[in-house]
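What follows is a set of structures to go through.
Each of the next two complexes has chain A plus one other chain: chain B in the first, chain C in the second.
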Partner chain A sequence: MARTENKKISRRQFFFIIIQTQIGVGVLSLPFDLHQAAKQDGWISFVLAGLCIQLLIVAMWLTARQFPDDDLISFLPKLFGNAIGKLLSSAYYLYFVCVCVLILVLFGRMLHLWILPNTPFWVLAILLAFTCLYLISSGLLVMARIYTFVSILLVIIFLLLVSALPDIQLVYLLPVGQTPIPQLVKGAQAAVLAMLGYISFFYLYPHTKGTPAERLKTMSYANLFVILFYLFVVFVSFTYFSTSEITFVPQPVLYLLKAIELHVISRVDLFLLSMWIVSVATSFSTYLFMASKGLTDMFHSKKPSRFAVFSTTLIVVASLIVGIDEQPIDSFTQFVTHVSMVFSNVIPLFLMLYTVSIYRFIRRKRHGKV
Partner chain B sequence: MARFKLLPLVLSLLLLTGCWDQRQFKNVKLVLAAGVDAADEGKVESTVVITNVQSSSEGPGAEQTQIVSAAGHSPLDTRTHIDQKISKRFDQSKLHVLLLGEELAKKDIYAYLDMFYRDPKSNLHAQLAVVGGTVKDALSLSVSGEPRISEYITGMLTGERRSTHMPNTNIQLICSELLEPGQDFVLPYLTVNQEESILEYRGLALFSGQSYSGSYLPSEKAVLFLLMKGIRGADAQMTRKVGGDDHPDVNDFITVDVKEIHRKLSFDTHGSLPKVEIKLKMEADVLEYPPNHLQSAKKIKELEKQIEKDLTKEAKEILGQLQEVNSDALGLGRRLQAYHPKAWKKLNWNEVYADIEINPSITFEIQSHGITN
Partner chain C sequence: MKPFKSLRQKPKEQKQKTERNTTSLQENITYFVEAFHRSDDLKLRILEEGRAVLFYLESLADQAKIQNEFFKPYMKMDDQEVMKFSSGKKVHDRKEIIKLLLKGHSAFAIDGSADMLLFNTTSAFNRSVEEPDNEKVVRGSHEGFIDNLMININLIRKRIENENLVVTFEKLGKLTNTKVALVYLDGVANPQLVDKVKTRLKDISVDFIISPGFIEEFIEDHAYSPFPQMINTERPDKTVANLMEGRVAVLSEGSSTCLMAPATFFAFYQSPDDYNSRWFTGTFIRLIRLFSFIIAIGLPAFYISIVGFHFEVIPKDLVIPVKSSINEIAYPPIIEALVMVIIIELIREAGIRLPTPVGQTIGIVGGLVIGDAIVRAGLVSNFMIIVVALTAIASFVVPSNEMSTTLRLLTFPLIILSATLGFVGIVFGMLLLLIHLSRMESFGTPYFAPLAPLHVKDLKDTFIRLPLFKMNTRPKNAKPIKGKTQATSREWRRDGKNRK
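Presenting the complex of A and B:
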């Protein structure tokens, strides 16, 4: 018991894993996506999305606390029996692989556009994927330490954005509340995509120290942090670019730093890009970890590294098939957005309803008989 | 086994260098100052100043500049033609100054800036200025004591910005106002003085929509205009006539440095056209006033009143000029949209802007008068 307790991550590490997973590839384009959907009221959409995610977190917590020692892949069979459980687990595996592929192609596309127009995508894909494979093969505890360590970069990103504050015009946020509700909801959808990663709660929960209530509290703080961080990014982008200009710049965060010159760094955008790569790598690693851990557990194997290598190769090959041309990436993003709605929102909600009603009832009955 | 452990290390040394995206200094010619002029038949003529560094065996290499221009259908087309005239190719990613010829600026300038916005390598914090006459003349000047024309112009513009004669502008910063309806912008206006072989800062070129309106705000009025816009550099010095008769004398003038400004814009949207009220409160230090007697509160009140009257009159003139050339450089339209979205929707701002009533009222306060009375 003492040994497993030692292998568990602390609540602080839990916090950093969550924020590093949630803040990822989407941070550079989030303000643009929000603006596309809801104009200058995009930030309202974003807050809306943040609140919905908080509700989802509570829902996931209600499910997870019924299974103090199991993560998603091992409690699904307990809930629905072996056949359906295995089916759902496989579906989740494919979902995580899809998200990994999406992260990889968006990453490749961004680097291709901004700094490495001549470097072939397969080089970038392999570099990122296999570095992350190396990271996850050391286990959750090492990952947690790395994630905690690299969170200092978020502070630097924040400070870089602060340097843009003298040039903002607050009037671009006004008038408030001119966007009709359907568009706000559409904006919220875009925001949820940028904040994906809360599903990792199911994987981290059993491996984190602390009482259930403490862990929920940490998770909520992490979510709050992510909301505030993104909100700041959105605020700076919305006020730096005018309402009509932002429709021309798909990566507003990078673009606004491109126009800033610090004393030591002439091209701040490239500096930010290199830190952003770390954020992408952490998100990618978490998904890769969830995918390969799921696969290992499904086969009850003692050799996790094989499954990790298999998953990474699968992801790299799939991402090469998708490629980094605009059209396929857009359709693939659409696809992953829809799939995510199901796997990150609908199913966790359903699991919660099922757990607190039917499953509790069945278990009580089963215990009663024994 | 140990041998195999070294293998990845050696491999990474070979593979992680990244051979695809190198841009080496030796392969390009750096351009620090460039400009575009309008040419015949709708073409554009670009001029670039290329800095060549001659390497020498000891000490820093000597710098030589080369000025090349070529005409073409678009800015990037001219680039091809310029490359055909120079050795290697030129690279604008370190551009410091971009000048726009007066005639060219009268067209839609977005078309000429598009290549900068689109290219990830371009330097968006390059300074922009409009040149009366042609850019070619301006960049061909050899200014004594200033070996680099790019440094000369940026230095000049920085100075004007610090003394509140122009706002902070660069290619990126004007983009918001270029594209946003209900907001126009200004750019510094320079002219070429061939006799003395220098450039002169003349004032602020007023833009209407995306093109230069053809009129500029003289530099004496630029300070008050920027203060009305809520912008203040390191200092904001103004010299105004107080008292005296028709034969002005140095004793009739006061020079003040505006230290603090509070601006309040309000819109009255009850009528068919909105009325705008600009309230500007200034607090200033007296820098120069030869007649003295600034210890008396009465005298100070008197001076304040006089300056207030003078500045309000000047503000009206500035606003008149802005309305005349249909340049909403104060961004009143965007503010109307922000605070009164309903009224904004009913109006076609571009058409009504020239006719709306704008009332400036300025309150002026002297807060200190240096170390003498």
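Presenting the complex of A and C:
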């Protein structure tokens, strides 16, 4: 028991894993996606999405606290029995793989558009996937250390964006609240895609130190941090570009930094892009970690490296099949958005309802008999 | 040795708290052996079939003096007269005896008497103890270890006059039987760490051990990593400072290098000079050193990726000078960089073993003549010369020779990555490096601490150097069992203020 206690991550590390997982591939294009859906009121739908996620976090916490030592893959069979549990676990595995593939192709397309137009996609895919494989093979504790360390890059990204503040026009935010509700909801959907990663709560919860309430608090702070960080990015992009301009810039954050020239270096956007690669790598690693850990647990195997290598290879191959052309990526993004709605929102909510009502009842009954 | 054989095998008993000697010789000797934690250099010489004992610290006492001061007169006397030695000093206070023993005195005890006779047999070594060439400091101690194990332990014992300093000897090498000493401070060093080092040392099974480099390779955690995982030093003051932080030192006969574990990445960036200068200066120099790490590892890669991929990063006023300098060059930047880096390595390797005057000639021919001619010949651009020369200088800023070699080695993969993928390549190179550093552990201590995992408190002596009176806790790296190093030191200042 003492050994597992040592291997647990601290709450500070938990905080950084969550924010590094949530902030990822979406940060560059989020303002554009929000704007497409809800015009200048995109930030409202973003706040809405953030609040919904906070509710979801509470729901997940209510489920997770019933199983202090189990992560998602181990408590699903306990809830629903072996057959349905295994089925759900496999579905989750496929879901994580899909998210990994999505991250990989979005990453590939962004680099293809911005700095490496001639490099074949498979080089980038293999580079990212296997770097992350190296990372996750060192275990959760080392991952936590690295996530904490690279969070300094978020500060730098923040400072770079601050340098754009003198040029903003607050008037671009007006008029406020003119967007009809359905469009706001559509915007919220895009926002949830950028903030995906809170599902990792199920995996990290049993491996974190602290009382259940403390862990919920840390998770909420992490979510708050992510909301504020994204909100700042959205705010700067919305006020830097006018409502009509932003429809022409799919990566507003990069475009607005491109215009800034510091005395020592030009093209700050290239540096931002380099730091963004790290954020992508951390998100990708968490999903890869969840996928391969899930697979390992499903087979009750003692050799996690095999499953990690298998998952990585599967992801690389799948991403090569999807490719980085615009059309397949768009439809794949749509697909993952819909699937995420189910796996990251509906199922956790359902799990909560099931746990606090039926499962509790069943367990009490079982205990009563014994 | 028979009457006291039990001492070396019996498990530790409760230490007696009595200050005065008793009349029982057995009890007295047991007390002293326990007081020194059964340190192997506490030598017991049994006389009179076990009724009298002469004991001293082998590493501090001089054998010839013992012969002259004790044995010569002793041979002429009978038992009753012994205690009337004119040269000896009668002492019965145990604390006092320990103090004197630590100064190199030898003690003579006889059964039935609470008094012990203390002789001054402090060794004065004539062999010069010189400052090591590769670890010079501006201010502070100019002593260095030499090739004699006992003298080296003497140098350490002289600096830590404390009975808690424990020395244990091991014989390594099945054919050479090299004597290896393990030194640590009991009560500060983590017992688990000491055990770990001991077990790993005992596990070495080879025919010969020549230098600590052999030992290091046998006991380190990650043999396939380019990074050094034990601190290497020839300076007694550095060794002492590390012992005080709870590290364990390994010295071996016939070598002037001391190995210390556990090491962290940042330990290689510290030098005793940091503590001898004012703390502002110390902090500044330390920041410069860490900055040099980034230059040494990333500057050529950064330059290559700018020239090869991201020309637009250069500010517009600099574009023309850079472009005109590299326009005439026939080769791509990666070839330029590799050629220059290899030339610098050649000059360094050629100069290292030559006598100083010849070495300087090589430096001038290599540095000035080749550097100038190679630009005029159009093989390498001006900017590349600047970049590579800066990189080389930066890599020599590191106080540790091993780390500096590692850095120069790591430049190559980064150059190749940046030449193929530009900034993306650098990011992935750095990320892999970071993962590697964070994964590593040296004897149970995370190698990249206090950055990953983050220990905010330990940053005070890593990136910066706070004033010494602010460093009240030991760094967590070596997991010392005693955390606090000092109480508040500058109390007089607060008192002064209150009086006003």
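Throughout what follows, the second predicted complex is superposed on the first by the 370 of 370 C-alpha atoms of A that agree within 3 Å, B and C clash if a C-alpha of one lies under 4 Å from a C-alpha of the other, contacts with A are read in each partner's own complex, and residues count from 1 in each chain.
Convention: contacts are C-beta pairs under 8 Å (C-beta built on N, C-alpha and C of every residue); 3 or more make two chains touch, one makes a residue touch a chain.
Because the structure is a prediction, the values reported are computed rather than measured.
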item	value
First (chain B), second (chain C), both or neither touched by A:354	neither
First, second, both or neither for A:261, with chain B first and chain C second	both
Partner chain(s) touched by A:232 [first = chain B, second = chain C, both, neither]	neither
Partner chain in contact with A:80 - chain B first, chain C second, else both or neither	neither
Which of chain B and chain C A:221 touches, first, second, both or neither	neither
First (chain B), second (chain C), both or neither touched by A:116	both
Residues on chain A lying within both footprints (that of chain B and that of chain C)	115-116, 119, 123, 127, 261
Touch list for chain A against partner chain B, complex	113-120, 123, 127, 167, 169, 171-172, 174-175, 178, 240-245, 248, 255-256, 258-261
Partner chain A, residues of chain C touching it in the complex	309-310, 312-316, 421-424, 426-428, 431-432, 434-435, 438-439, 446, 448, 451-454
Interfacial residue positions of chain B with respect to chain A in the complex	16, 18, 20-21, 117, 120, 124-125, 168, 170-173, 175-181, 183, 331, 334-335, 337-339, 341
Contacting residues of chain A [partner chain C, same complex]	12-13, 111, 115-116, 119, 123-124, 127-128, 131, 134-135, 138, 142, 144-146, 148-150, 261, 263-267, 270-271, 273-275, 277-278, 281
